[in-house]
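Listed below are the structures to be examined.
The two complexes that follow have subunit A in common; it is paired with subunit B in the first and with subunit C in the second.
After this line comes the complex of A and B, so read on.
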């Protein structure tokens, strides 16, 4: 078993290319055989918000099905599913106070509420930690 | 009333949104009857390069159906009557002054920007 890697992310969904980069790195880490811990801080707690909804796009001329709008909550679910199927562990922790500030308590299944103490513990137990802050 | 959209921030969440949000906003407002011009500055001048292509994203088993086609989206604005400009020095700095750029793009030296800005009663910088 390879060692775990921890990611701390801050950007809210639909705001920055860093979000996609973070997801690609997490996926690459899982596929390379690492367990992955994620501490979603501040706006990043919105990534797991269960009420994210796809929409049609009149400018693109596509209905809701054809548009297949990306939803970060689906990406998290996909990574959780991939990890489970392949014997990896993905532990996604939302900062609880950040969730409360934003009223985003409804997270998808598999995402848990935590605190900076969880981030610290995950970091100590990991081979390395990558911080992807907002700018 | 004509409005000039000055777009500087580029490739911001374009994977998640499958477009550039300000280009999209301009399309929507043109559709609502608005009259617009668009000036690409800074990194946004890259939107004028025709050959760019983003591969669809795959996360787990989810596959993106429509990756953003930014130059096509900007070109589509021109087809709707939006005048499109790019700052020449910003193209040169990025080495794309001689790239294949969108048809109907007007490349404008920075020194001529005051004349362009005078043509628009409203200027929104993004």
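After this line comes the complex of A and C, so read on.
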């Protein structure tokens, strides 16, 4: 069995291409056979917010279906489902204080609340850790 | 010997921080470490053949391996044949492999 990798992310949803890169790295790690730990800190706790909603684009005359706006909560759910189906573990932890500050307690199923102590534990138990800081 | 993989997500045309990041990479290399630079997102822009890629030239001259994320290249319409000499397109799996191989990986 391959060792786990841990990622710490900070960027809020819909703001930075780093989020897409982070998701690509998580997917690549899972597909390479690693278990993956994610510690979402600061604005990144919004990535798993359950009430994210797709929207139409009136400027371009597209309804909600045609706009097909990507939602990070859906990407996370799909990563969780892929991991479960393929016998991998994806442990996604939202920083609890960051969640409370932002009123984002409603996370999708499979995402749990934790603290920086969880990040420390994840890092100690992983083969390696990558921090993706905000800019 | 330490092995470093620095991930650069910005381009030097909009962020002067990139030049400091290359300085860091060169300093690590000159201290005897293996150093690779992985360009991603807008970080791939200076590796277009014909672009002003002075920072990359400095890195290459120092013996740093310079890699460009193939997905980011495609997103920006940069074909593999348009990539400057010395820069190698690479899939993001490379980052995972090096993490697993205990490289010190920094997202800049």
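Criterion: the second predicted complex is superposed on the first by the 135 of 135 C-alpha atoms of A that agree within 3 Å, B and C clash if a C-alpha of one lies under 4 Å from a C-alpha of the other, contacts with A are read in each partner's own complex, and residues count from 1 in each chain.
We adopt the following convention: a contact is a pair of C-beta atoms (placed from the backbone, for glycine too) under 8 Å apart; a residue touches a chain by one contact, two chains touch by 3 or more.
Keep in mind that this is a model prediction, so the values were computed, not measured.
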Response to the item:
In this superposition, the partner of subunit A with more touched residues, subunit B or subunit C, is B
Discussion item. Once chain A of both complexes is superposed, is A:59 in touch with subunit B (first), subunit C (second), both, or neither?
Written reply: first
Discussion item. Quick check for you: in the superposed arrangement, does A:75 touch first (subunit B), second (subunit C), both or neither?
Written reply: first
Worksheet item: Of the two partner chains, subunit B (first) and subunit C (second), which one does A:34 touch, if any: first, second, both, or neither?
Response: second
Discussion item. Once chain A of both complexes is superposed, is A:17 in touch with subunit B (first), subunit C (second), both, or neither?
Written reply: both
Discussion item. Just to be sure I read the superposition right, which of the two partners does A:131 touch: subunit B = first, subunit C = second, or both, or neither?
Written reply: second
Worksheet item: In the superposed arrangement, does A:110 touch subunit B (first), subunit C (second), both or neither?
Response: neither
Item to complete: State whether A:67 touches subunit B only (first), subunit C only (second), both chains, or neither.
Response: first
Discussion item. For A:96, using the defined touch cut-off, is the partner it touches subunit B, subunit C, both, or neither? Pick first, second, both or neither.
Written reply: neither
Fill in: Residues of subunit A at both interfaces, subunit B in one complex, subunit C in the other
17, 24
Fill in: Touch list for subunit A against partner subunit C, complex
2-3, 5, 17-18, 21, 24-25, 28-29, 32, 34, 127-128, 130-133, 135
Discussion item. Considering only the defined contacts, which subunit C positions touch subunit A in the complex?
Written reply: 9-10, 40-42, 71, 91-93, 95-97, 99-100, 102-103, 105-107
Item to complete: Please name which positions on subunit A make contact with subunit B in the complex.
Response: 13-17, 19-20, 23-24, 27, 57-60, 62, 66-70, 72, 74-75, 77-79, 81-82
Response to the item:
Per the touch rule, the subunit B residues reaching subunit A in their complex are 11-19, 24, 27-28, 31, 57, 59-62, 64-66
